[in-house]
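Look at the two complexes coming up: chain A is in both, with chain B in one and chain C in the other.
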Partner chain A sequence: MEAIILQVLNGLDKGSAYALIALGLTLIFGTLGVVNFAHGALFMIGAFCAVTLSRILSLSHEVLDPGKTDFLGNPSKVNVPYVNDWFGEVAGSAIIDWAVPLSILFAIPVMIVIGIVMERGLIKHFYKRPHADQILVTFGLAIVLQEIIKYFYGANPIPTPAPQAFTGSFDFGAMLGFDPNVIIYPYWRIIYFAFAALIIGGVFAFLQFTTFGMVVRAGMADRETVQLLGIDIDRRFTLMFGLAAAVAGLAGVMYTPINSPNYHMGMDFLVLSFVVVVVGGMGSLPGAVAAGFLLGILESFASMREVLEYLPGINQIIIYLVAIIILLTRPRGLMGRKGVMEE
Partner chain B sequence: MTKSNLTRRGLIKTSAVAGVGLATPTIFTASSVAAFTNEPTGSSVTLGFNVPQSGPYADEGADELRAYELAVEHLNGGGDGGLMNTFSSKALKGNGILGKEVKYVTGDTQTKSDAARASARSMIEKDGAVMITGGSSSGVAVAVQALCQEAGVIFMAGLTHSNDTTGKDKKANGFRHFFNSYMSGAALAPILANNYGTDRRAYHLTADYNWGYTTEEAVRTSTEALGWETVAAVKTPLTQTDFSSYIAPVLQSGADVLVLNHYGGNMVNSLTNAVQFGLRDKLVNNKNFEIIVPLYSRLMAKGAGANVKGIYGSTNWHWSLTDEGSKAFVKSFGTKYGFPPSQAAHTTYVQAMLYADAVERAGSFNPCAVAEALEGFEFDGMGNGKTLYRAEDHQCFKDVLVVRGKENPTSEFDLLEIVEVTPTEQVTYDASIFGGELGACNPGA
Partner chain C sequence: MFGLAAKDFRLLLLVAALVAFAPFILNPFPEGSGMAQFNAGYPDLMQRFVIFGIFAIGFNILFGLTGYLSFGHAAFLGVGSYAAIWMMKLLTMNVIPAIILSVIVAGVFSLIVGWISLRRSGIYFSILTLAFAQMMYSLAYSVLTPITGGETGLQPKTSDPRILDSLVTDGTTPKANLFGLEMGASYDLSVSGWVFTFNAGYYIAAVVMLISFYVAIRIFRSPFGMMLRAVKSNQNRLNYTGLNAKPYTLAAFVISGMYAGLAGGLMVAMDTQAGAERMFWTASGEVVLMTILGGAGTLIGPVLGAGLIKYMENILSKINSNILHEWFAFLPDGFEDLLVTLIYPFIGKGWHLTLGILFMLVVIFLPGGLVEGGQRIGRLFKRKKPDATPAADKTPAE
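Now for the complex of A and B:
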């Protein structure tokens, strides 16, 4: 029982990341009809927004420390962050410590601008081209973006920790009456799940309860009719691309304390997120979210030692296995609209 | 009248043989003029530096290249001479190798065996490289070593830690300065027993490829011999990024030690996840829960940040060593580049120097003469104390460093502290235990 609860918890945070990326992918596919293989790169750029802000906040000037020497035997230089000079050591250190949550504010405008530039500068030229062309150009763009990041930040992972207040783990086992230490779960992963739920809820509320969202939903259902009503649906769809980029970026920002960001992290999530979209149903926002959590949890269960003993290697194929079964039995996905992907 | 015996079948056979002959790369065919592959005939000699310039180990590759450039500078008489001043062999004079100016070409292994073989082949065939060196993966090292054996050039391996490189996959033309999984296990186990006791239950997470298997086996064998029990060993996919589902069940298993047989990005992520789960704050079986990383790299430790604090592992070399060779190399490298060298830089620099020295002592670039000069070669002053290039398997035997993540680092380079320098005798093993045959040296002609 403990093992099951533990793997469900594990699946929730992994599923949160899948769901957030898949949500953005679905928004773009549902509005613009574009299969965006650069979406993983947007997740990665979001993570590097956190790295960048963390570095900006840590900008320092050097002070010679005559009491110490460096590796060459010269007087050692100590880096003193400017924020410490401006706000005092305690407040300055706290600001640096909270770099990741603060990056949310930094990443939102950056990601929206990147998304809009990407859509206006490149992707709009491929609306009427076949999906294969869209995949090729966006995949190429993803590689270019990751090489740019590698050029500026290097190939090694860059540690970007959570604030000190959120280190350590919560003992769910003790709370549920099990032995202590049996069901533990890091605080930051709980926050990541809550954050993902908030973003997903926010996007749904935005689409459901605002006029802008209503027009976008109408455009997704019947673009031509909406245009005939004199509404500039293209401009709204461009903004939706920016919003999808921001969702992916925020998923990346908050993921940085879970795994140190590196230039390749977007690719690691991209393929799995596409599988999530297909399983959930192309164009279905609830489907993307549900499939994200479902596959995250399944992946966690498949990684259990007890499962691997009977089915070696199942952890590496479980998601694809589910995708094959879904595509064979229900081509439109779990919650896809009838007719989509079924011809 | 002449009678022709040419039949249709015969014509096809002849054509096929001729086709295969023409298609065979020139490096695999005998040359009628040269005594061996890429015999240098002009005033210069070309070395091939095959390192990861792209992909996940690109930063390690960049440090390897820096070291090679420094080695070439020193070999050609530039700079402060670096380790040539402390090297016990005095064959190198700073006038190139055998009086020929040292030039170099570089290849990008991408940390992929096929790409690494292609770049090595290109450097040998097109650029005339007489020796190939570098790399940051055992898979790549084994693949390139086999190619160099076929091509008839010497391969001086870079970072490769699997037992197989000088075990079942060893080749007469290949030489490894880096230590291996067995040595890590042999060096680590006594330190672990001293610090954590002999009554421990270990849980292994192992990267699902050759290096992971040999490292797990080495650590298991060494720790079990001291009384530890192995509770479980779980293989993790090489492509795994989030290890939470593998780490969460560790406490349920009753284990009180987690051994992460991971390297590179795998190590950074699994260690970060394990620390996030608060494993090190737990008390299991009335003992503090501990984590072990058998193979440390300073560049990788940097990626894991503060999570490495207090965690034991082993490493080939560290810039904080105080012997004359290490100090000379740190000074030389640090002055040129502004930061201390990594173990990757040290190993590759030393490999370039050892090759050049062997050529000087042999008086020839002929790979068989060079191999003979390296086999059984004992030297000192290169940063690891007295070292032997064992003739039987071309594995270097030297002291192994047991290190621990530093609690209070003073800089971004000051991440590891040396806990013990394990003497060579303690990590030496019989050359036959890992199987394989060196075979005969191939000069390529």
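Now for the complex of A and C:
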């Protein structure tokens, strides 16, 4: 029992990342009908938003500290971040400590702008082209974005820690009444899961309960009719692209403490996210989320020692295996809509 | 000639001539001159040109003709490599059995993968092939280490059985050969400053490449090729006429898988080692880039694309900022620095950026690849009518 709960928990954080990226991919696919291979790059750019903001916040200048002296008796130089000057010592260091959560605020406008620019500047021209062309041009775009990030930030992973308060782990099992020290879980992962759940809930609520969301859903179902009603659906879809980019970016921002961001993290996630989308069913938002969590949890179950004894290597291939089985038995994925991507 | 139309035969002859004189063509600059780093006429790179040319030709038979975009073709190349290296370890260092087995094994694997993947089309097909390739990669990297060598890969060792060679080996690590002619053997011809290298391995790979190019032309011009084009243009209509497209697409898939295996086998023949990294999905992405860049669905396009990408990978990536400073030394200092800073991100380690941009430009403006670009320029010179000039070149295709 404990082992099962532990594996479910372990699967949640990866599953959350898959679900968020897959949600964005499905949003783009469902609204604009574009297969966006650059979505992983958006996830990666989000992560680098966090890196950038934490660098900006730690910008510092040198001052002579009369309190400390070096061995010659001269006052030694200390680096003081600008935020310390502006907000005082305590608040300043707290701001630096909380750089990653603060990046959420920073990343949302950045990602929305990037998304809109991408859609208006490039993807707009590919609506009428075949899906293969869309895949190829976004694949090229992903390479370009990745290389730009690599040029500015280097090829090595950049550690970006979570706030002090959330480092370390806690005894989740003891809280549920199990033996202590069996289910130890890091704070940040549970936060990541809660955050992902919040975003997913937010996106669904937005689509379900606002007029804007209603129009977008109508557009997803029947674009032409909505246009005939005199609604500028293209503009709304552009905004949805921005929203999808922001979802991917936020997934990236919050993922930085779990895995230090590097320039190819997006590509690593993209391949799996596409598998997730296809398993969930192209064009189905709940399907994408469900499949994301399902595959994340399955992956962590497959890496249990007991399982690996019987099926060595299963943890490496479980996702692909499940994808192949599902695609062959349920051609539309778990919750795929009829008529989507069926040539 | 050889059952080819005159036009195709001329193309084959042209490619044959290019390949045969590649050591001259690729070495236009004298040794030791400032431009010598643009010389691509060294055996290692020339071998890669033709091997990846074969890979791309094969991929084009699937993608260019049927429109099925496979994102997992590198797996067949990797499988072929492993088959070839095992043949070298167990049987003989002669490359012929190794290459034959690599083609057969890749064919079997592609038959299995294709049979399953081709039940779906479009993006689903791409994801299925990707999933299979990633599975094969992960397994080769972890569980199958006894067969694949895992992270370290496989190399022939002196201790290997090598049943046919065992009588002649004398304790040294044997080299890949063709009936005694070593792959690494080369003859240097120096003509007043220029050094041209003629490498045995390159010419063997080149002959194989010409044969596979010839086979590709025959496939393109055959009724079978027409059938594949019909699949691409409208599969529904094909179904309505009562034809089952699956055997045709599966045949195309297996043929292109065998081409990939052939490339993998040749890779091992030229450089006797095999590792899992050449099965990774980025390697599959690379062959997609090559085919699109050159021109999918054209005969010569994939070869051009493969050549261009491998040239960039090996030559462009070698240029560093010092060399740039040397080039622009004649300019005023500030201007020189500005120019170097502007160009620097696109060369050296950043060559992928250039590749990505070039690829995007090709997809956006020239869906037919370099071949289409060449045709447009050709048309430009033939007749100067305003409607024939590709003003559409500049505007994005909407």
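Here is the rule we go by: the second predicted complex is superposed on the first by the 322 of 343 C-alpha atoms of A that agree within 3 Å, B and C clash if a C-alpha of one lies under 4 Å from a C-alpha of the other, contacts with A are read in each partner's own complex, and residues count from 1 in each chain.
The rule is short, and it goes like this: a contact is a pair of C-beta atoms (placed from the backbone, for glycine too) under 8 Å apart; a residue touches a chain by one contact, two chains touch by 3 or more.
Owing to the predicted nature of the structure, the values given are computational and were not obtained by experimental measurement.
In the superposed model, A:Gln316 lies in contact with both chain B and chain C. In the superposed pair of complexes, A:Glu299 makes contact with chain B only, with no contact to chain C.
Using the contact criterion defined above for the overlaid structures, shared-chain residue A:Ala218 touches neither chain B nor chain C, since it reaches no partner. Legend: residue contacts after superposition of the two complexes on their common chain; A:Pro161 is shown touching chain B, with no touch to chain C.
When the two structures are aligned on the shared chain, A:Met265 is found in touch with chain B, with no touch to chain C.
Using the contact criterion defined above for the overlaid structures, shared-chain residue A:Ile5 touches neither chain B nor chain C, since it reaches no partner. Within the superposed three-chain model, A:Val182 lies in touch with chain B and out of touch with chain C [touch as defined at top]. When the two complexes are overlaid on their common chain A, residue A:Met282 makes contact with chain C while staying clear of chain B. After overlaying the two complexes on the shared chain, residue contacts for A:Ala174 are found with neither chain B nor chain C.
Contacts of chain A with chain B, set against its contacts with chain C after fitting on chain A, overlap at residues 150, 316.
Across the interface of their complex, chain A is touched by residues 67, 69, 116, 119-124, 126-128, 130-132, 134-135, 138-139, 141-144, 235-236, 281-282, 285, 288, 292, 345, 350, 352-353, 355-357, 359-360, 363-364, 367, 396-398 of chain C. Listing the residues of chain B that touch chain A in their complex gives 54-59, 232, 234-235, 237, 239, 241-242, 244-246, 248-249, 251-253, 265, 268-269, 272-273, 276-278, 281-282, 284, 299-300, 302-307, 319-320, 330-331, 334-335, 339-340, 410-411, 413-414.
On the chain A side of its complex with chain C, the touching residues are 35, 122, 125, 128-133, 135-137, 139-144, 146-148, 150-151, 267, 271, 274-275, 278, 282, 312-313, 316-317, 319-321, 323-324, 327-328, 331, 341, 343.
Listed in rising order, the residues of chain A touching chain B in the complex are 2-3, 6-7, 9-11, 13-14, 68, 70-72, 76, 150, 154-159, 161, 167-169, 181-182, 184-186, 188-189, 257-260, 262, 264-265, 268, 299-300, 303-305, 308, 315-316.
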